[in-house]
């Protein structure tokens, strides 16, 4: 009962393929021994950490370090739900590309589409719902105005 | 951009509450320092490991150790997709209960409903789709007959 | 460059075998997929987490939950250094026993001897040096008096 | 009973400072949420993973990918023992430098000195003993000749 192995037919297939002109962010990450399990492939929960690294670097690349957001804006982002498809396994030494595309920005939450690829081949798809919380009270709060406008302009969909 | 914090309103809410008469399996697990992150709560990817421990113990409790299944039946189970809601966070030292209920058993796949609770309070819901693979070829295969019948009898739904 | 595999001759051998009459504490833990790596054995860093689980349960068994120590006594224990021998590897599904023996209790630090066994066979030896720190200031502090006396009485050596 | 916090006086101090003219290798790595614990700092076992990433990249930089060594030379390296000092803690978002210096190359084992630094400040020192094993039999074996000569030429000490 572990991570994905290989090209078994996908059980659920309701993820849209990302369009190539999406304003995406991509972050490279490498697979080390620590990421693998006794099946010889990446342990399935570890893909969530890879996805989180890319979201962190996506914010950092926009000048929004999370430590800064927490201290100066009383804002933390927290994952509230995910859908994730493990299509093909990654292996030791693989060089992966993890993408981030902001599908929707609401007042107090984000919907983010992510993929993990190896040499252009899609291994993992994920839809991640993130809530904006007050860092002090851990309660939902609106995303502060300048950041909200900036994120809104990155949306890949119009709804 | 990390695990859940606290009682923010749930973004998606399409998980049915488990009915109390489901033939469920429950496994206790404890939160240690290794499971937490700098937010003071369990790192969100670590809940997937907790879920996997419970699935492993559910099979073990039925006499189906995964090492045995692999060696004697050329069978491994691999997670193919998940939906997961992180409703409330777990914290250091928490004693958790992780449930397993087999919603559906097909010829070469399972759909499993899982929850993580603390003192009866639901923290995490997950729907896990698992594929049966040949351990040698890593390709989809039918679940061998006696195990299939046994699992079929555990289904919580009739479809 | 990873965790230990199997019965290779030990490179360093300066750990004393624990004597059977040591006032030891022992904690059982199970190996899951998350603990293993692509070599088919437990990832070497994960043994440190197993050791920490046992130290935590050793304190808990004495009524000294770490959350309580932090809040009521402004005390946290932090690992400052370790020596660790990885003699034989643990594997998926192994049931392990992790021991804790307090070799020495000083005013602001502890030296703890630990082992990891499987069916009585020693897999890992560790000597762990732990500092007492103020939880607020993160600076060395004396262990508060009643706890110090209790720990002192558990010392396995007289020095 | 967890990772190091801050500038507490070191309990053991028998590591030589690395000399600046050592033929060292250095690898950058970043601290993410997954690496931290509820104390707000990097979980102590995770430093071992950082050290292993750097050893892996050190071999890769010399053209010795571990997958290649395993397949073509029936060789795997396994950690047999470590001494490690956790002097100061790393925190979320820290950019770390992990060094690798080969102190000694024997016929079937290596002694490697490693450090982890942040902005030139030493956070962690480690002495890692690694055994050469047959990938097939998991038993000690001599390092194959061309690799042995190459590693021998990298030794930082003459003994």
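Should a chain be cited, it is by its letter among A, B, C and D, assigned in written order, with residues numbered from 1 in that chain.
Everything that follows uses one rule, which is that a residue touches a chain if its C-beta (ideal position, glycine included) is under 8 Å from a C-beta of that chain, and two chains touch if they have at least 3 such contacts.
This is a predicted model, so every value here is computed, not measured.
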On C-alpha atoms alone, could you tell me the rotation angle mapping chain A onto chain B? Nearest 5 degrees is fine. 180
Let me spell it out: compute each chain's centre from its C-alpha atoms, then which one is farthest from chain D's centre? B
Cα centre of chain C to Cα centre of chain D, whole Å, reads 22
Note: chain D sits from chain B at a C-alpha centroid distance in Å of 35
What whole-Å value do you get for the distance between chain B and chain C if each is reduced to the mean of its CA atoms? 30
Could you list the positions in chain D whose residues touch two or more of the other chains? 1-3, 33-34, 39, 43, 45, 49, 52, 56, 66, 92
Mind pulling up the chain A residues that touch chain B in the complex? 1-12, 39, 43-46, 48-49, 52, 55-56, 59, 66, 76-87, 109, 129-131, 133, 138-140
Please give the residue numbers of chain B that touch chain D in the complex, ascending. 1-3, 33-34, 36-41, 43, 45, 91-92
For the chain B and chain C complex, residues of the former touching the latter: 30, 32-34, 49, 52-53, 56, 60, 65-67, 92-93
